[in-house]
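Structures follow.
In what comes next, subunit A is part of two complexes: it sits with subunit B in the first one and with subunit C in the second one.
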Partner chain A sequence: MNEKNVFCYVMVAPALLITIVLGVYPMVDTMLISFQSYDLLTVQSKGTEWVGFDNYREILANDKFLQTVLQTVIFTVLAVGISVLMGLFLAQVINADFRGRSVLRTVILSPWFVPPVVASAIWLWLLETNTSPINSMLLDAGIIERKIRFLTDSDTIGPFSIPMLSIVAVRCWNGLPIIIIFLLAGLQSIPKSLYEAAEMDGGGVWAKFRYVTLPMLRPVLMVLFALLFLGGFGHFEMNYIMTGGGPRNLTNVLAVWTYQEGFQFLRYGKAAAAGGIVLVMCSIISVFYLWAQSKDNRS
Partner chain B sequence: MEKLKLTTAVLALSASFLAAAPAGAESIEFWTQTYGDQIKWTAAIKELTEAYEAETGVKVNHEIVPWSSSRKTWLAVAQGGAAPDCADMWWLHSFSAIGGDKFGPMPINDFKSKFSVEDFYEGALQDSTWRGDFYGIPWRGDIRAQLYRTDIAAEAGVTQPPENWDEVIEAARKMTKRSDNGEVETWGYSFGSAAKVVDWLMPLYWQAGGEFMTDDGKTATIDNDAMRKALTFMHDMVNVHKVADPDAFEKGYKARPAFVAGKVAMIGSAEQAWGNRLETENPEVDGKWSFSRSAAGPANRASFSGAGYLGVLRGSEKVEQCVDWLAYLSRDENMLKLSQAAGTVATKPAVMATDFWSDRPYKRVVAEALEDAHTSQHPAPAWSAISTSEPGGILYDMIYSVVIEQQDMDAAITTAQELMQAQLDR
Partner chain C sequence: MASIEIQDVRKSYASLEVIHGVSLDIEDGEFVILVGPSGCGKTTLLRMIAGLESISKGQVAIDGSIINHLPPRARDIAMVFQSYALYPHMTVRKNMGFSLKLAGVKPREIDEKVNVAADVLDLSHLLERKPGQLSGGQRQRVAMGRAIVRNPKLFLFDEPLSNLDAKLRVQMRSEIKELHQRFKTTTVYVTHDQVEAMTMADRIVVMNNGHVEQTGTPMELYDNPLTRFVASFIGSPSMNMIEGHLSEQGQFELPAGNTIDLSEVASDEARGQKIILGIRPEHICVGGQGTSLGNAHIRVVEPTGSETLLFVDAIGQPMHVLDRTRSTFNAHDVVPLFAAGEDFHFFDAETGGRLPKNG
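And then the complex of A and B:
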């Protein structure tokens, strides 16, 4: 090992150590717990016992858990899909050269400064049926006749409900700025000559977007999708704070379910098993991302 | 030589600091949650700790545990996490079961004689006693009673607070106001002030004559006529009389802004601390609200009551110093200071008999309501999990399925009874 390599290892060591202690170790430990009968109320008197896949079997036999898994996927797909589509549009807008661009950039990026917990509290107030100023405005304007129960209406169309869409909207609002920043960086790295060439070939706005922007943004989009899906599957704050998974479990997601199982019902074994399901889902995304990346590298 | 001198000087300086701060022997770590106004609360504890240090020479280092992280903090403590020497605690039955004989709350039977336990309300002592062991002194109560808007009541022609369930229905109907398109502008009734649906059921079930489990905490006893009466009352208030807001059963519902804004006229089980909060934080409703004793159900007028206690933690090497500190706090004058700062009822009749607890009409009602107190603690470690007001909680799901989803009541109760028994068998 030469001196340069030693230096590199020393530089990487602190980050690696933190990752192992705060990331890898808890993850491995949680996986071990998921195969044990780990009941917090009896762990001192009865200890833990290896139960194989019993915890997984039990939670997968629970209809509400399966509903929660499905909703986690739907929430993530909706939030990621809508955010990225809006991000693509808004990034193009604020990448253009026009007067007032700085102001618009500031406005669009401002939700980024609001932590998700604070954003949840603010939107909880804005969407609470009886006190919602949104409801008041819509009623005053004559657009609606009855208050919209943004977070409590339990009517559904398939798996979709108003509370689910309300939380998706808030998640998009809060997550949009980081997406725009990613895409803006990507857009600014695309050589202008490519657009000029497309114009010379007679390409219009759509053609330039379809054949220049999207392919050139592909690496950024891949990273973005991977990050957003990984974060989305583990998302907790907004669903927990705004609805706690209700009404009728319609907004429950895996992270909230895991929290409730572990910290409310004190059944760590089953909570860890739910965490294991999240890990599997995240692993699928990671494997897909790595496969796509290596395919890109090969080509 | 210079280096040697410098090293010697640093070592000497360090040694002098260590000698000057014999923290290990002369100080104890004491944690509390925060109550009422945090600044006032911290100042009150500071005054007490300084007076205690002047009297005994023992320094008490006070730290606040925010309520938002309190549950997680005590869960961590009960599993061997960093713990103070003594603290203001709650849920003794669960946390002592989680900690076993290694971590968490520590019995102090050998020191019981240092406290005049006979001076406390007997019911309050249940919250610091578990399986015959004495864990400390109860210091605060959370007694709940009926709270109503006097202005809305007067407008609706309700002249007296309801005395029983039938009168509650009648009053709630009169006070519920609807706009021309049928939208409810004022709900006549709300079951409770705390955003915990299960806390709403408890007093109703007791008032109907039920108890959640046997005295030994081993058998669930919810599949009975009393539960049917309690759930029927809740169901009918929402779905038949339509005087209670179904949205209140969802997370995020805030009762106090609704009450202050006049969108809720009456709360069946309101925390007594609201009296203090309404006085200090909502002067706009001065003279527009009043407390009254809980309305009676078919069997009695039991009121929800909780308590917190001051106890010692396992692993502390300063048990005796802690016991002395807690004994100091348990003096009447100090219990009064704690009660004043927190705005919570005291656990000693002598303190409740002071001027402080009779200088406002609502305080006199609160003192009367103590006669109806029924502890919300139950003799089973799993009670905390059973009574969780979150989706998936046994009692929460039972209430929700009956009141909101309007499912079959018998089936919901039977399922809950089975699940609760399984929890008690954990």
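And then the complex of A and C:
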């Protein structure tokens, strides 16, 4: 090993150490726990017996858990889909040259300055049935006849419910700015001459978006989707703070379920198994992302 | 094919006017080149014809119909950009067929037209490649293919050869000219390279500071430049400009004290004022006959094979001399220079306008 290599390893070592201690070790340990009967209430009397896939079998046989898995996917798909669509639109708007653009930029990006926990608290108040100013405005305007129970209505249409959509809306609100920043950077890297060429080729607004903007944003969108899906599957704060997974488990997601299973019911083995499921879901996204990226590189 | 009428076209950015009333008629099938230094407004004028820039005042008409307010897509104009502006995510085939696809042409017909254009441009073997896998010259051809596949009324070229190396530029010059001879589509071509303009154009429009200095065939501009600017811009190496006072007797008095006898060629109008005498480097002979320009001190010799460019100090100023006699010259040689009176150009020292000669 020459001097240059030693220097490189020394420089990388702190980051590597932190990743191993705070990332790899807990993950491996959690996976090991997921194969053990690890219940904090009985751990002293029964110990941590190796039970293979029993924890996985048990949670996958639990309807509430399956509902939670489905909801995690729905929450993520809805939040990612809606916010990326809105992001595409708003990024184009604030990329355009018009008077008052900087004011609009500040307004659109302002939710970014609010941490998710604070955003949850703010929206918890804004969406609380009796005190909600949104309800008051809608009632005053005559749009609704009775108050909407944004976070407590347990009626459902398929897997969808008002609390679910409310939390999705808040997640979009809070997550939108970073998406816009990503897309804006992507938009600004598209040469203007491509749009001009498309105009000369006979393209209107839609053709320019469909055949220039979207394909040119593809690398940014790929990274964005991968990040948002990975983050979305592990999302915790808003669902936990705003509804705690209720009503009737309708807003529960895997991260909240895992937290409750582990730290409320102290069933570490099952919580770890739920973590294992999240890991599998994230791995699928990662593999898909890497495959798409290598396909792009090949072409 | 189409004719274009440009009438008193002006372009302003806020209060700053950059094109000051350009008027130009381009005939059906003509190859017109807009040439001028950077910032003279040639690209802006081209983009106004394309519809990519709005027209502040005046009007542009194609075949008699005013197109000022039509968007680019409604003008039936194809444009080749300086950067080529090929869609990097599309194959050559898709790049070339894109305009037809947008126009709703059937895929089979698009394929046929693309294949024909690819054949003409020798691109058939590259149709499934993406622009990133092509060389500069190939990209340039694809950009042209994208334009010709549409069979538009008008071709616009915005400095299309400026990103190519010198050899390829020469090759592409002749290819573009050949294409024009084949398709006879009206073409407006922008370049800052006067050699491109001279070699390709039916007619050259020399622009400077947002207005047209002179319009004419390449040889008209070369032989009879109407302004000092055109004289120095057209021709390579550029014309030698010698400033001095022309006496009533026709003696051209130079600041260094020596005189040149121009009594034979100087018109009455040119006499008795400060003028600029223009002589092209290729019209100056080392030795020989004609009007004597005195002895020159050779500073640098640049032989190119067919000709030799000499950088000399003569009549009190640096000058260029282009010798085609294959004589041998050495730096620091002192040689006599002569030039024929009919090759002299006179310009007003104040206005830069051309002054008449005798004969």
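Everything below uses one rule, namely that the second predicted complex is superposed on the first by the 290 of 299 C-alpha atoms of A that agree within 3 Å, B and C clash if a C-alpha of one lies under 4 Å from a C-alpha of the other, contacts with A are read in each partner's own complex, and residues count from 1 in each chain.
Going forward, contacts are C-beta pairs under 8 Å (C-beta built on N, C-alpha and C of every residue); 3 or more make two chains touch, one makes a residue touch a chain.
Keep in mind the model is a prediction, meaning the values are calculated, not measured.
Contacts of A:L41 after superposition: subunit B is touched, whereas subunit C is not reached.
Legend: residue contacts after superposition of the two complexes on their common chain; A:M281 is shown touching neither subunit B nor subunit C.
In the superposed pair of complexes, A:L266 makes contact with subunit B only, with no contact to subunit C.
Ranked by how many residues of subunit A each touches, subunit B and subunit C are led by B. When the two complexes are overlaid on their common chain A, residue A:A197 makes contact with subunit C while staying clear of subunit B. In the superposition on chain A, A:V84 makes contact with neither subunit B nor subunit C.
By the document's definition of touching, of the two partners only subunit C reaches A:V212; subunit B does not.
Note: no residue of subunit A belongs to the subunit B contact set and to the subunit C contact set alike, using the contact criterion stated above.
Listing the residues of subunit A that touch subunit B in their complex gives 39-45, 64, 124, 128-131, 145-147, 149, 151-152, 154, 241-249, 252, 257, 260-261, 263-267.
The touching residues of subunit B, counted against subunit A in their complex, run 71-72, 75, 79, 94, 97-102, 181-183, 245-247, 250-254, 257-258, 261, 263, 381-382, 384-385, 388, 390-393, 400, 404-405, 426.
Listed in rising order, the residues of subunit C touching subunit A in the complex are 50-52, 71-73, 77-79, 81-83, 85-90, 98-99, 102-103, 130, 146, 150. For subunit A in complex with subunit C, the residues that touch the partner chain are 191, 193-194, 196-204, 207, 211-212, 215-216, 218, 299.
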